[in-house]
Amino acid sequence: MKNEVMKLISKLNELDHKMYGTDFFLTWEKNDAQINATLLTAKILKSLYEENYSCKLFKSGLAISNFRDNSTRTRFSFASASNLLGLAVQELNESTSQIAHGETVRETANMISFLSEVIGIRDDMYLGEGNKYMHEVADALDDGYKNGVLHQRPTIVNLQCDIDHPTQSMADLAHLIDYYGGVENLKGKKIAMTWAYSPSYGKPLSVPQGIIGLMTRFGMDVTLAHPEGYNLIPDTLKVAEKNAKKSGGSFKHVNTMEEAFKNADIVYPKSWAPFSVMQERTTLLKKKDLDGLKNLEKRCLENNAKYKNWECNEKMMKLTKGGKALYMHCLPADISGVSCKEGEVSAKVFEKYRIETYKEAGYKPFVIAAMIALAKVKDISRVLGSLRKKRFAE
Amino acid sequence: MKNEVMKLISKLNELDHKMYGTDFFLTWEKNDAQINATLLTAKILKSLYEENYSCKLFKSGLAISNFRDNSTRTRFSFASASNLLGLAVQELNESTSQIAHGETVRETANMISFLSEVIGIRDDMYLGEGNKYMHEVADALDDGYKNGVLHQRPTIVNLQCDIDHPTQSMADLAHLIDYYGGVENLKGKKIAMTWAYSPSYGKPLSVPQGIIGLMTRFGMDVTLAHPEGYNLIPDTLKVAEKNAKKSGGSFKHVNTMEEAFKNADIVYPKSWAPFSVMQERTTLLKKKDLDGLKNLEKRCLENNAKYKNWECNEKMMKLTKGGKALYMHCLPADISGVSCKEGEVSAKVFEKYRIETYKEAGYKPFVIAAMIALAKVKDISRVLGSLRKKRFAE
Amino acid sequence: MKNEVMKLISKLNELDHKMYGTDFFLTWEKNDAQINATLLTAKILKSLYEENYSCKLFKSGLAISNFRDNSTRTRFSFASASNLLGLAVQELNESTSQIAHGETVRETANMISFLSEVIGIRDDMYLGEGNKYMHEVADALDDGYKNGVLHQRPTIVNLQCDIDHPTQSMADLAHLIDYYGGVENLKGKKIAMTWAYSPSYGKPLSVPQGIIGLMTRFGMDVTLAHPEGYNLIPDTLKVAEKNAKKSGGSFKHVNTMEEAFKNADIVYPKSWAPFSVMQERTTLLKKKDLDGLKNLEKRCLENNAKYKNWECNEKMMKLTKGGKALYMHCLPADISGVSCKEGEVSAKVFEKYRIETYKEAGYKPFVIAAMIALAKVKDISRVLGSLRKKRFAE
């Protein structure tokens, strides 16, 4: 094991994170030691993997994935993370159109968990529902564990809910830390989390909410920008404000992409649907009002179309610090002239930063693995430090 | 390894079960040594798991699941069992509407088995077909193994057919043994396997058939109750009668829930469709007569509705021994006012026994693992006794 | 380890195959050392498996399968191969109706590969597209690996494209080698790759193309036979001609089954759609012209019906050498009176060779495993020679 990794393990060992036996729902529910422990563990696992160490902390056990919305990237990240730790993925396929509650959730949560170590859930379709559902599952698991139904309490990893997308924002953060050579170098960096035009509608709010909620913790100057009406869940702005104050950074809220991009070190232009639309959509979905949904989509796309100038292109990038801010995206991006006629980002800008966005995504498997490992392995730093086997014969 | 587990392994070692190289179709095809070996092995695996031993008897190998009907509980139980033993699950997805026979079955059975150790099959939709299909697969595997196509003969585990649901009934039995502190304490216990009202139709007969076929072997007084016409497959009643006679228990057949509940130690109220309806349904399904099926469903639901008083509620429970019989269910139950307006069990009764039903389900992964282990590992007691590795670093 | 296996490993060690870090697209892109290394490694793995050695070359890692067309046999072969080597399968489900290109392919290829060792792709639906798609994925992986996005470069295994079906033809070849007791005994054997009647249309060309492209390399006399108009991709015939010339065998092209069968040692009667039809079909599929597709199917089936006499039956088999040529098929075959009214082969002929066709299929998991192992393990002969652990306790 390289010296550098051993140092990271020592640092992890010094953190009083108390994450054993916990779940990961929202980054702002985690204290700084916990965020740091997650970042450190992700980096340790990535380094060990790259040194070809086997990171199988488990000899058996299931990792359950419950995707209530489509996913390729996060699905593979979760599968990779589970496999890295020695767990086998079993997918729980529920009908996405169904919002299960009460006894069904409680029972299913226990029935799938007799030999499971983690349940990864994506539920981002319904505002006010996704995070709530995850907590219902958590309560059911607590109940089952307390009553002797379950021998072990699986940890829950939020793979995107209506409020936050912590595995994404933490991967984004890990990317920034590596890009700038250390978390201490993020202080004072200006990041623009801005809305961008997309010819689709109903994109979740969890990414921008997650970004402003997390990046404000590191002394960064965070600017949120969107056209009037494209508001996020109000509470998440309060989180950002509070975090910024505490960390010595700032949080600003503006109405043009230009203002946000001006002098930015980092830009994160991404489409989302207005909070109010997501609320209306949830109501219509619950009522199965297909006509209403069609109508809502039409209205929204018409409204979106007014803001086609919210595109991250070369002209816009010139406004950033030295004209060379780092472009970020959770992927897939709506690339003008490539994946759509007019979209979030011009082909030229995207191509310039394409490899960086791929690298950004590459942290996600290790962030997820870190969340699982911290929650499930009591003495994680000792266990990581004692890994000796190689992943394959060299 | 705890002393208690080592004693169980010694007991297993003394049984002349001869299960190596066999399949598990129906409990009444197994002799007492075999039933006991399955129960013992399940308990040993559960204990070892709870002591955090790795139970990986295999370093590689596939476990194939073939669910010709929907399943969440059994799917996860099979996945858990396979993973526990070191096997990777690969699902065989056939169209459920198709009853494959002959060359297709023979060929597919071999094609999926080159490196497979177990095939778990659920096929409970068609009366007269499910069990027959499993035997066709078994014959195909015998043929392939004998002719040198397959290096090893995968064992078949019946994950529910038209006749029996052995992984369920064995898990139920394991639960009773633990609940009463030993198989010897089941002698003389009165169990009521009764029909209950449900607003759905077409529920398989395999659970009640499995219960009367298995519980009669342990000196229990088994009462089967259902409204007139809701008969089970006649042969399964003969099995129950024969078993009861041999074990010194009894088997009674009554027409009211009240009579069955009277003085019962254990009640198992569960809906099913009449034998004759399932026969008619199979004929219609084969003919793809959708109108006929719709008509049959309508008639059946109307008939069901006459028996809404077949609900396991507090008043009914008062009839049982001391008013506190153990309530059992294979889950999910139709709970009045919770999962349906009127159902098999009142919310109050269900809630009282909810945790017990969850625990009941918790034996299934280990019962399935036991069936696989006994069929595939020659010297199973020695191998279990020599497990030393832990499932994860502690 | 048996002496015989150790000799095979020594032989492998002597081959200068340079397959580490490569992909497997078409057999005729591989030199003789590479074909031999693949055959040898497959045989070594099969032997080790049959001696109950664990062949887990990896402790973790994903094996991604991307089936853009239905598959049971190859799906299970890929799953078996991956499991044998210690990899966990994760399926990538794309809509089969969609021909993804450009940025989508490039991005997805990287997003699924952060911890992946192999991507197995079946894409045989669209003439001119399948192989091209695989190369797009390969280029994307090269790009990601070169730019530091991927820590390891997953190898690509062609699980059937529009041009070749290398895992099938290599399994067929392995079967022939075992059947005749050595590759040297194939010299001078006459093999008839002939079209056969089937009541379905649109069957891919990759099997006959793969067979004539591969079998011509071993000094065999290969005859291709089909009704007028049922041409293969012209380039593949050129490959066959070139190979035959080089190997000292021959390649002949005839228009009747009878001529091909005459004096043949081996017959491979199998239906396919004419090259021109597959081209037209691709065009129509791209245009989503459902009426055009229906019309094309009708025309083709009518045309097929003219050649119902292209059936491999006893009368036809009498023409072969001593009346006892080896019958081969990639399965499933259209068996007259069994799987269809009139088909590729009579029930009597098929039944006589059924077990042989099953054995033929049984090489596929090991051929796939060999392709993965050679591409991913640097010093494969040393690593295979050092395997010591058993797959399960004996």
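Every chain is named by a letter (A, B and C) in the order it is written, and numbering of its residues begins at 1.
As a convention for this text, a contact is a pair of C-beta atoms (placed from the backbone, for glycine too) under 8 Å apart; a residue touches a chain by one contact, two chains touch by 3 or more.
Small disclaimer: the values here were computed from a predicted structure and weren't measured.
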Co-neighbours of chain C and chain A - touch as defined: B
Same or different residue numbers at the chain B/chain C copy interface, by half rule: different
Euclidean distance of C-alpha centroids - chain B vs chain C, Å: 41
Of all residues in chain C, the ones touching two or more other chains: 88
Complex interface listing, chain A residues touching chain C: 49-50, 54-56, 72-73, 76-77, 79-80, 83-84, 86, 88-89, 331-332, 335, 338-339, 355, 358-359, 361-362, 364-365, 389-394
Chain B residues within the chain C interface of the complex: 57-62, 64, 88, 90, 92, 102-104, 107-108, 110-112, 114-116, 144, 147-151, 376-379, 382-383, 386
